[in-house]
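Order as written gives the chain letters A, B, C, D, E and F; numbering starts at 1 within each chain.
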């Protein structure tokens, strides 16, 4: 059985959680457009387009909400402390 | 009674949950535009359009939030651990 | 008293919940543009527009979050099981 | 003291909650563009624009999430029942 | 120490909470574009642009979700009552 | 081991939480477009573009939801009191 690309939403710390949110955002694109060359070609466009970069940040923010909730926000206090 | 396309939001693991989020995103389009040929024709457009690919990733991220919450984030710790 | 179009957010199963999310998305448009003819005319446009179809899927995903939470995700396990 | 336009998020039923979500969406526009004439003039544009109508539905869906959560989804069962 | 512009998310009532959501939305713009003159010049544009007004309402709706949750929706019943 | 840019989501107060939400929004852009010069060049564009400024505010609002939840909304009194 091929290894899963998403074994868990649990990460060691918030930074690793943010990286996972970026990965989730990119995999959704890859699952829609599997061709690596096409995605590489499109990158030249969005990497220089502020609307696209802002939209990407919004997708990452949405996925980061999910990963952070999964990790109980890597708490170290404030949960009703 | 025809089988339901969405028997449950519970999945075995996060990867299956992500695939379900993609399915939810696509079914909403199919329920709006039921014609397979039209959707296939439109695919040639959005699959090469970075704005569309980013927006699709945002829809998947929103549906993944729902599926992840349904599955208690496939926890294996951090829920206030 | 005229019957309500939205008696409850509780549905029998996830598929009925997804249909309710689609209904919520469409009623919001109808409440903004009550004219059936105008909405039918506009349909010819958005049904062939991938950006619009993706955006519609995003609205359905947002409403499905609400309906799923209302129904405790039609659980059958994982709530911290 | 002038009466508040938003005394509470609690509504009698889901339909009243959906109407409140529409009101919240419209008040945010009014607070940004207070001139009634301008808003009336703009209405002629967005009421015939499917992208705008879809975006409006998305705002209503977001506000409906808030109102529904405030009202515990007008439950009548499924909260972990 | 200069006073904070955001001492708390707690407000007296929902209307004050909505105003705070509008303030949060505007401060994010101000933190990105600190020049008052530029923002005033841009206002002439977005105040007459229905797409922009709808998008602003969406940002306010997102911030209102946060403020409402912080204030336990200013409850007066329904939390599982 | 290089220091993490995101040691925790816990902040002293709401204002620091809002600043963290802005940082999260910007880092997502930086991780997509690492070149400082390109990002500086693009800034001249989005800082004068009201659609972009509104979209940025929406990303910050989404990240602020996450940070606020992590900090239990900096509640000075218990939720539901």
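Quick note on the criterion: a residue touches a chain if its C-beta (ideal position, glycine included) is under 8 Å from a C-beta of that chain, and two chains touch if they have at least 3 such contacts.
Chain identities (UniProt): A, B, C, D, E, F = Peroxidase.
Here the structure is a predicted model, which is why all the values come from computation and not from measurement.
Counted as hops between touching chains, the shortest connection from chain B to chain E is 3.
Where the sister copies chain D and chain E meet, the same residue numbers recur on both sides for under half of the interface positions.
Ranking all chains by how far their C-alpha centres lie from the centre of chain F, first place goes to C.
Distance from the centre of chain B peaks at E, each centre being the average of the chain's Cα atoms.
The angle needed to superpose chain C on chain E by their Cα atoms is 120 degrees, rounded to the nearest 5. One inter-chain figure worth recording: chain D and chain F are separated by 26 Å, centre to centre, where each centre is the mean of the chain's CA atoms.
Chain B and chain C have Cα centroids separated by 15 Å. Residue positions of chain F touching 2 or more other chains, listed in rising order: 46, 51, 55-56, 58, 62, 65, 69, 74-75, 79. Viewed as a contact network, the protein chains form a single closed ring in which every chain touches exactly two others. Around the closed ring of chain contacts, the path that opens at chain D and continues to chain E reads D, E, F, A, B, C. Residues 13-15, 18, 22, 46-48, 50-51, 53-58, 60-62, 64-65, 68-69, 73-81 of chain A touch chain F in their complex.
Taken together, the chain F residues at the contact with chain A in this complex read 4-10, 24-29, 31-33, 38, 42-43, 45-46, 49, 51-52, 55-56, 58-59, 62-63, 65-66, 69-72, 74-75, 78-79.
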